[in-house]
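Several structures are given next for inspection.
Two complexes come next, and they have one chain in common, chain A, joined by chain B in the first and chain C in the second.
And then the complex of A and B:
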């Protein structure tokens, strides 16, 4: 994801701001890192450029 | 509808591939001049998001619940589509999006053809076909900018009137941009505005 995405993303649960921690950056993209909610403290992982913004109870694959 | 969903829509079982509905939605949104910050919800293969990114200056974000879809959408992206794994528009801030585009799972569920895989999640919308559309309509107004618009694909199988009524209850007026008839359904692209 590009850092500009921070302008439109929020915590899916309480809609509060997120704090970005970058682990690995490529030219213009954040490849891995963590987005942490400044309100509830929930951490959302960024893996292979894709932030996983599902609430924790939905992160496991949905179909059985 | 005893025939298997996978047979009707091809053999892919993990990620919904572009079909008539995807083309219709992309063309309607492009013809209407979609621009600004655009989110495609439930992008599947990433086709519609990529079409919009390729043809416009819009900043396009594609979301899906399905991790396999997120992967395909990212691979497909050649024009800067960014991918987020998300449930509907939940992780987007209030009032920031100029357009939200959605080809939802809309087929009424059929127990005889239940598959319990990602393709079923991509296709079926509960008993009445609106189990995903309804919560989407209830939340999408929150994330739209004041002049923002929703481009929503609906099918006659889902009940266009029921979708329009639910949108109206959330303060939207609906315009049908495109209609296309197929042997077992008519597809309509609705534009929702406040």
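And then the complex of A and C:
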């Protein structure tokens, strides 16, 4: 993802701003990292350049 | 309730359906229908567009073909569907991908000029809530387009439809869009020649914006109607209302009347 996406990305739960932590960057693309909600503290991973903004109850690792 | 109106089930379904989705999809939603639907939108240069439920990227591709569109934001809940879209556009490039939920969008208020969503509404447990979320994320005066399956006319197909997922007709679409506080709601039935009304495409505008202010006196001769519009948010039921029943009502009922919805 481009860092400019941060302008409109927010927490899907409470719509608060996110804090970006970059693990790996490739030119102007963020390849991996974490977006953390500044309000509720929920963490959303960036995996292979794509932010996983699924609410916690919809993530694959959570039993449905 | 249809068996797919549960996100976990829809996810599981798509895990397998994504293998063949683009092969079977053209039977209900083809390039001609896509072009016709895109033509219902007023797309300006630099408009920021979000494709909700972009799936394998069929509509995203059509949108990118529009002369005024250089990039599209794509959101889907299914990593398996998205893999197909990644193969078409790359993980990074003209499409800004996000995994996410249509009813709980990870975008700030007034972020987009246009939301497009085709072939997704039938899986939303609460369509009105998703449409309200669209209204929040789209700027005042912006446009929302939704393509969904038109409610079949024959009884046998109705039973099939009710068992599988949400289908709706024009009246039901009007109700959902109005309840979500959207305006200028227009519909068009679309389909291939052998089944010309298999899909229903609805376009609406988010209240507010310069266009509406300019055209209000000429286009809204009935003061009562304008008054209702102005107080639009009052007509909107709070989120706590048990709207998920709506889809269930459709499944069990034989007509469009939904008694528990007629509260105001």
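Quick note on the criterion: the second predicted complex is superposed on the first by the 60 of 64 C-alpha atoms of A that agree within 3 Å, B and C clash if a C-alpha of one lies under 4 Å from a C-alpha of the other, contacts with A are read in each partner's own complex, and residues count from 1 in each chain.
By our rule, contacts are C-beta pairs under 8 Å (C-beta built on N, C-alpha and C of every residue); 3 or more make two chains touch, one makes a residue touch a chain.
Just so you know, these numbers come straight off a predicted model, no measurement behind them.
K.L.:
So if we stack both complexes on chain A, do chain B and chain C clash, or do they fit?
P.N.:
Result for chain B and chain C: clash.
K.L.:
Scan A:10 for contacts with chain B and chain C and give back first, second, both or neither.
P.N.:
both
K.L.:
Quick check for you: in the superposed arrangement, does A:60 touch first (chain B), second (chain C), both or neither?
P.N.:
Once the two structures are laid over each other on A, A:60 reaches chain C alone.
K.L.:
May I ask you to decide whether A:49 touches chain B, chain C, both, or neither, giving the answer as first, second, both or neither?
P.N.:
In the superposition, A:49 touches chain B and chain C alike.
K.L.:
Give me the intersection of chain A's contacts with chain B and its contacts with chain C, in residue numbers.
P.N.:
In chain A, positions 1-2, 5, 7-13, 15, 44, 48-55, 58, 64 sit in both the chain B and chain C interfaces.
K.L.:
Which of the residues in chain C come into contact with chain A in the complex?
P.N.:
Touch list, chain C to chain A: 7-8, 11, 75, 77, 79, 82, 86, 91-92, 96-101, 104-109, 111-112.
K.L.:
In their complex, what parts of chain A are in touch with chain C?
P.N.:
Within the complex, chain A contacts chain C at residues 1-2, 5, 7-13, 15, 29, 44, 48-55, 58, 60, 64.
K.L.:
What does chain A use to touch chain B in their complex?
P.N.:
These residues of chain A touch chain B: 1-2, 4-5, 7-13, 15, 44, 48-55, 58, 61-64.
K.L.:
Using the touch definition from the top, list the residues of chain B that touch chain A in their complex.
P.N.:
Chain B reaches chain A through residues 37, 39, 59, 61, 65-67, 70-71, 74, 82-87, 90-94, 96-97, 116-118, 120-121.
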